[in-house]
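Here the chain labels run A, B, C, D, E, F and G in written order, and each chain numbers its own residues starting at 1.
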Amino acid sequence: MMILLSISLILFTCAIFIALYRIIVGPSMPDRVVALDMIGVNLVSLVAVFSIVLHTHAYLEVILIVGILAFISTVGLARFVERGEIVEHEHDD
Amino acid sequence: MKINDVILKTVVKGVVLIILTLSIYLFLSGHHTPGGGFIGGLVMASAFVLLFLTYDVETVSEGIPISFKKMSAVGVLISVSSATFPIFIGQPFLSQSFGYFDLPIFGVTELATVTIFEAGIALTVVGVVVNIILSISEGSNKWKA
Amino acid sequence: MESIIIVLVGILTSVAIYLVLSKSLIRIILGTAILSHAVHLLILTMGGLKSGTVPLLGENAERYIDALPQALILTAIVISFAVTAFVLVLAYRVYQEYGTDRMDELRGSNDEQ
Amino acid sequence: MLFFYIVLPLFVAVGITLISSKIRRDLIGWVAFSVPVILFALFARHIPSIASSESIQTTFSWIPTYGIDLTFILDGLSLIFVLLITGVGALVILYSIFYLSPTDSFTHFYTYLLLFMTAMLGVVLSDSIIVLYVFWELTSISSFLLIAFWFHRKNSRNGAIKSLLITMTGGFAMLAGFLMLHVMTGSFSVRTILTELPQLTEHALFYPAMALVLLGAFTKSAQFPFHIWLPDAMEAPTPVSAYLHSATMVKAGIYLIARFTPGFGGDVYWFWVITAVGLVTLFWGSFNAVRQNDLKALLAFSTISQLGLIMTLLGIGSAAANGAGEAKALYTFALFTALFHLVNHSTFKGALFMVVGIVDHQVGTRDLRRLGGLMRFLPITFGLAIIGSFAMAGLPMFNGFLSKEMFLTAVLSVSELPIPGGAQIGWFIVLVAWAASLFTFVYSMILVFRTFTGRPIIDEDYKIPREASIGMLIPPSILATLVIGLFFFPSVLSDYLLKPAIDVLVDGGSALAPDIYAWHGFNTELFLTLAIVGFGSLAYFLLKKWRPYYQYIPSEWSFNTLFRNTLSGYERLGERVTTRYMNGNLPSYFLYIFSFFIVAVGVTWFVVGPIAVTFDSPSSITIYEGLLAVIMAAAAVAILFAQSRLTAILLNGVLGFSIAIFFVFFRAPDLALTQLVIEAVTTVLFLVCFNYLPEWKVEKLSVTKKVRNGLIAILGGLTVTIVGLAVNNYSKFESISSYYEDSYELAGGRNIVNAILGDFRAFDTMLEGLVLFIAGIGVFTLIRMRQKKGAEPRENQ
Amino acid sequence: MPAQFISNLLIAVLWTFLMDEDAFYFPTFLTGYIFGAIIVFFMHRFFGSKFYLLRVYALIKLIFIFISELFQSSIIVLKQILSPTLKIKPGIFTYDHNMQGDYELTALALLLTLTPGSVVMEVSPDGKTFFIHAMDMEVSRDAVLKSIQTFEKAIMEVTRA
Amino acid sequence: MSNSLVLFMVIPIIVGIILIFFRESPKLQSWFSIGVLTGLFGLGIYILHYVTNIGILRLDFGGWEPPFGILFVADTFSLLLSLTTLLVTIICLLYVALSPRDRMINYYFYPLVLFLNAGIIGSYMTGDIFNLFVCFEVMLLSSYVLITLGGNRIQLREAMKYVTINIVSSWFFLVGIAFLYGSVGTLNFAQIAERVAETGGDPLLTVISIVFLTVFSLKAGLLLYVWLPGSYSSTPTVTSALFGALLTKVGVYALFRVFTLIFHEGDVVPTFIAVMAGLTLIGGSLGAVAYTDIRKIAAYNVVIAVGFMLAGLAIGNTLAIEGTIYYIIHDMFAKALLFLLIGTMIFLTNKVHIHEMSGLLKNYPVLGWSFFIVILSLAGIPPFSGFMGKILVMEGALENGSYILLFLAVASSLAVLYSLLRIFTQCFWGETIIGSDEQRPLPAMRLLPILVLAGITLALGLGVEVLAPYVQTAATLLDPSIYIEAVLGGNE
Amino acid sequence: MIEWISVILIFIGSIMAVISAFGILRLPDVYTRSHAATKSSTLAVLLSLLGAFIFFWVDEGFISIRLLLGIIFVFITAPVAGHIITRAAYRSKVKLADASAEDALKPFLEKTSKED
């Protein structure tokens, strides 16, 4: 069981690695953002699995937080790619 | 074509509620599980950040009419004052105390002065982070004009 | 594990120093951000990496990992965030005033007021 | 009591400054005049008791912790000086009241002058070397202020700076010397030091201390090659020149050497250095005086020369105190002569300065080329000039003759002295001294005859000069009277002042001191003098023939040029060096800092080594951890090659997230949480600011610079790694943190990290909140507080 | 609907107090809630709307549709990734939906995005039109158009009275 | 009693924050700040007296005994510096209060100065190395904001350099703390000292000490002073005065604390410091004549002073340490005076280069003579404050045989003298360019702080004896056992 | 036994994660890649979270609200992320893959940008 979990951990890490490749080569900015988003999602899994491995509840908050922040980062980055200005001051209309 | 953000905005409304709840949970439970004033404050601040990203500064300010600058100052004031308070009862500076109280509804509950201290920290964090983002976006506004 | 992390810290430090030696402000700021990543890892490593369980009492452990470095890093992280925020805004103000972010164009001369 | 004597001028000076606006200006002069008069009388009262070998002492404590007391002693040696200071001081102030023009500020002038008087009295009365030093510097400062009295003139300012720099340099050196003496003897008291010094000749600091003390004395007394400040100091008002730069301040160096003679005297280096420097100065001063066209410049060089003469005598006489044996009388004779000439010089030179001042004041020029025939218009002044210059030339009927004769005696005796080298070069000393006296004769004649005889150069704006007011004539007349009086009654001076002074310097000195006679029979000295007068007169009449040759002495070789070049060279060097490395370029600064770090750690490692460095680790590694490490390294390196800043920020985000995961792997949930949130917020901040920052361009760096930066970066990382590995292997001590594992009992929290943050180390946390808060304020003010466009770039408050 | 829910809650709280235990126990509250639900069910016509738990049921159904769509779409994507040669023709097409209000629109958009091979890229400023990117136009367009009706119905069951 | 130690830090913080809410009332801000600091100064005098006579005072925060908690340790050395800091700040604030109102007052100037003070005093008093880092950051952050306050573009540019360099130096600090914690496992100064002493000068610890040398040298401006001249010469007068007087001293203090208490064995580090001090003296002396901008000249004078102080540490015997303590105190006042004077000159003339000003003495005599006094004071001319320190350091050098340092110390005094005389003779002397009708008025009140400082520098010189017992007690920092005993030797 | 179910769920999740990562390597443009990211990898994470949830439930009887919340969160946000990224990509003029058949958005954007 532990072996299977370890393999899962490795696979998730590999997925991150591949996403990192996409971040590095791009070619477009949204490509990279997609990849970063993917890294975030995989990190969620990674932490979840690791919690099982360590048999601890200590990281359950971390899981949630990773998810939240990956989302926030993605929104921010997408905004930046789209508009440059990610926090607008006034209503558009 | 104007950007129609309806999907994002709708989802974020719900998401922010989750984040805010989580932040309060993290703040309160920090004494025994991961969390605490800093983390709670930061998570709460990140909820505001998400709001700013999704909506615009004016809308958010109208929705949450709080002076974040004052909030941060009050936060520091609370943490420093709670640290100073023990001096007046002859204890060393920053002495924290805790006890277990049997409260109705909540049952036996631990109450610690450190919570006040950490509340100050949390307020500071939220106030500062939000204030920074507000300042910058306000600056950009002036710069454009 | 410790040795690997220390080597990683070294690599991060090298990258950061190279960035800090650049002319462009953003590179320099990014360099400082990486410097702080590196040192946070270093502090953690100096306390020993896996010598116990998560420092939450009641985890039924014989030993808990050294919690002190964690507390220090937490403080350091927040401080470096504060500084980064400030320096970023400073950089943007400098760019606004001078129209350049290249430090070699921001030397200043001897006869300015 | 002495203390009050010393501070009296100071008090009056302060008083003058405070009430200057309320009283008439000439009243200030008279108030100032009263000070030296009173002091002279007070000091003079002590002449009898001092003559009977007593001394007067006052002590106040100042810094007892370090043994620095305000001890003042009036003995024979100081007495001569205090009388000169107050006596000449009184005459100069009287003279100046009439000399100064209505536009000059009396307040400033007399404040400085009285300040100087305090300083000078302090120098000659202090027993503590530190206190002596205090007053010593005060003389330099007041001299500085007086030279630049007309500070709107460029020459005045330059002269002031020059004199201050040179004398202060000497002062600092002297202080170092004094401190060496303190280290050697453990005492700050001159008396104690003097008694202990003769036993300490073997001490390593003996010669350094001697050299430094001499440096102080030579600079102050304008000895070659430090004499260059004195001619420039003539930019001061003439009374100042007469007082400071001729009669008193320049004699402080003489005083110092005389004072330390009992300590250092007898040492062969002390003997030769002083003698040689004195001789060179004597010659060089007189040699240069001849070529001067400005009367004050002539007097300046003449002063330099005369100071050299006194210095030579002090050198020759220096061995009188210690180990003199048979020759003690000869040494004592030289010392005695030095003191005698010191007094004589003050009288005739003081008179001459005042004469020149009168000429300048009444005619409007001091240029010899424009002067002549003043005898008719300024008869009294002419008479005074005759007296002064003949005394200076060493002609009989005037006190200068006596001391000059004795000087020649002393010089002639050098070859008989039991000092190493004395026999060999004694003759040379005589030669130099004689040549110098020859030049002295010539310039004395120039001074008086070029000014007062012959035909005046009369052009359109030439006004017939009138004799000066009586107030300006009285002071030089008094001095001239002394010049003559001392010739006829030298023993008064000798008995009451010189012999008590000699007693201070030499045990039983007064017994060995000579009686002063005008007539010694037909001896070598007389023949030398006759030769001086003969050849001198010849040289004077043939002046036009040989004086032009002076111009062939290249001026760029002079010490003046050296001084100027040193200063400008210093400024140029400073500018060149500083602007080169302080180039304002931040990357360069970082280069210095990291290079320093690498080199410093490297060198230390090399020096202290060996230190164990291995890759052993207490904990194991798993594949996914390793992979994550590789991911981080890859992301980090990729940042260097990122083509856009957004890519870089994304990669930085990867780093941040990965670190958070490492925090998870390494059992740090709180850290992971914090790191994640901070990373996201930081990324957002970067993005927010990016909108206002330019896209980053490829850094255009030469290959050399890239390699250099890369090398520094790699070495920096390597340094951290190696030390880190070494620390990792180092396990001498247990961490204190096991204490915190009782956090539930101690602080009521099961989260140890939180307990540390909220309780054990809550102070850090509190301040950290403050730091965050300040950063928030900072961002706010940075954005809000902008300068309005086109606002003037001035200091706004 | 909120009125029903609040009433239910009130009943649960009342129940908890009536039990008069020494502390707050969640099971007691739950019991009260269940009884409350039964009471509200019988009363729901007085509130003038559908019994609210029916909507909850619709919601759960919707979620299951979500999940199953997700599964299907994932498998299609994975297949395409793993197929030796990529034979896809991606593209963008429009769809005018029948949803009302932000919540419905959002729910539909999320569903569509999770549907096999389609992502909602843009919503027109008036909110009426979706611009959908399809992984493979030929396959997806029909599939999407077919399932979209189901989604709209499922959503309306939750939101509309 | 011991609780009062924290007041030096906490009261400025609390007052600072309260003043945030009174942004619109500068009068209240100024007099409130001055009043509070003055009160603290009074308290400080009392504590100084107590500590000097009875012994080191400590405050364990939260009651956690050392080495587990953070604590404040007040010995005479740290108290002397704290008190001087307070007094200088009070005078500088007085200068602001008596000057025409500046826009920056509305941008939290007073709170920031109070925070700056808190950071500095915290750095002096803390007994924990990580807390020292945090206190540094409080001080640095305040200084970052203060340095940009004014909105002048040159300020922003120089602030950029100042901030980034300090970020790097803070990084070095953390690296050092990591290494130190990794090797000795504690953060408490006294316990670190104890443990380091136990190893008897382990080579690794010596290497680690070099990291700290780098950090504190950066802060002190010892050799690594590249950040200093630009930033000190671009800020408004009072900020320059505060920085010139106070900031580098914290680095100097840290060097003294760390290298007398913790890493005092072996002669590698002292040699390093000696070489660095020597180079600093040379660099400062060269820089002081390289510019015609009077602010730059003043800034390089700061560098020279740093070199001098560290020369004292390098020499390291009782005489030199005592001398340096006198010198540090003197320099804080004298540098504040120098920068206030320079700022006033710029205010009056609107010029910064020496050749652009002339004859100021005629219209502003008090200013001119104050400048003259500060020259003498900084050059170490008695009876002004600089001389006692100079004499003792020189004697210390002689006793130790450090002749090169002795020479450089003396030579640098000449550089100080010359560089400042250039200002005096060129700007105050000479023909007065501006007629008395067009001159800017210089109200007497504005001169008050300047005169007070000038008076202090004279009083310090004449009144050495008053300070002597304190300085002698402070210099016992050469004997680390006193400190260690006070911290780890059981409860008070 | 049920623990095995959770572990297998996780394992499947991890495989899906790798495959979808492979997808963003292989697919031709950002729009198609975002399909891989928003769908497959969302499913992957849901599986692993579900696995963890089941594991803790079965193993310790611990019902983790936080994990449930996490599942819901990812479920809601993943499509939104896909939506805004593709929109941003299109608006920042990232080209569609050459094989693309149709672009209904292009005329719209062009038309309305003229109106602006």
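Note that in this section contacts are C-beta pairs under 8 Å (C-beta built on N, C-alpha and C of every residue); 3 or more make two chains touch, one makes a residue touch a chain.
The structure displayed is predicted, hence computed values, not measured ones.
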Mutual neighbours - chains that touch subunit E and subunit F alike: B
Separation of subunit G from subunit B in steps, with touching chains one step apart: 1
By mean Cα position, the chain sitting nearest the middle: F
More contacts between chains, A-C or B-D: B-D
Distance from the mean Cα position of subunit G to that of subunit D, given in whole angstrom: 80
Gap in Å, rounded to a whole number, between the CA centres of subunit G and subunit F: 57
For subunit B paired with subunit F, centre-to-centre distance based on mean C-alpha positions, whole Å: 37
Length of the line joining the C-alpha centres of subunit A and subunit B, rounded to whole Å: 24
Shared-contact residues (touching 2 or more other chains) in subunit G: 20, 22, 34, 42, 69, 73, 76-77, 80, 83-84, 86-87, 91, 108, 112
Junction residues of subunit D - those touching two or more other chains: 579, 584, 586, 590, 667, 669-670, 672-674, 677-678, 680-681, 684-685, 688-692, 720, 724, 727-728, 735-737, 740, 750-751, 753, 757, 759, 761-765, 768, 770-776, 778-779, 782-784, 793-794
Where subunit E touches two or more other chains at once, by residue number: 109-110, 120, 122, 124-125
Touching pairs among all chains present in the structure: A-B, A-C, A-D, A-G, B-C, B-D, B-E, B-F, B-G, C-D, C-F, D-F, E-G
Parts of subunit C lying in touch with subunit B, wherever the complex brings them together: 56-58, 74, 78, 82, 85, 89, 92, 96
Touching residues (chain side subunit D, partner subunit A) in the complex: 622-624, 627-628, 630-631, 634-635, 638, 642, 644, 646-647, 650-651, 653-654, 657, 660-661, 664-665, 667, 669, 672-673, 676-677, 679-680, 683-684, 687-688, 690-691
Subunit F residues touching subunit C - in the complex, by the definition given at the top: 130, 133-134, 137, 141, 144-145, 148, 153-154, 156-161, 163-164, 167-168, 170-171, 174-175, 177-179, 181-182, 187, 230, 291-293, 296, 351-353
Interfacial residue positions of subunit C with respect to subunit A in the complex: 53-54, 56, 59
Subunit G-touching residues of subunit B, taken from the complex the two chains share: 1-3, 7-8, 11, 14-15, 18, 22
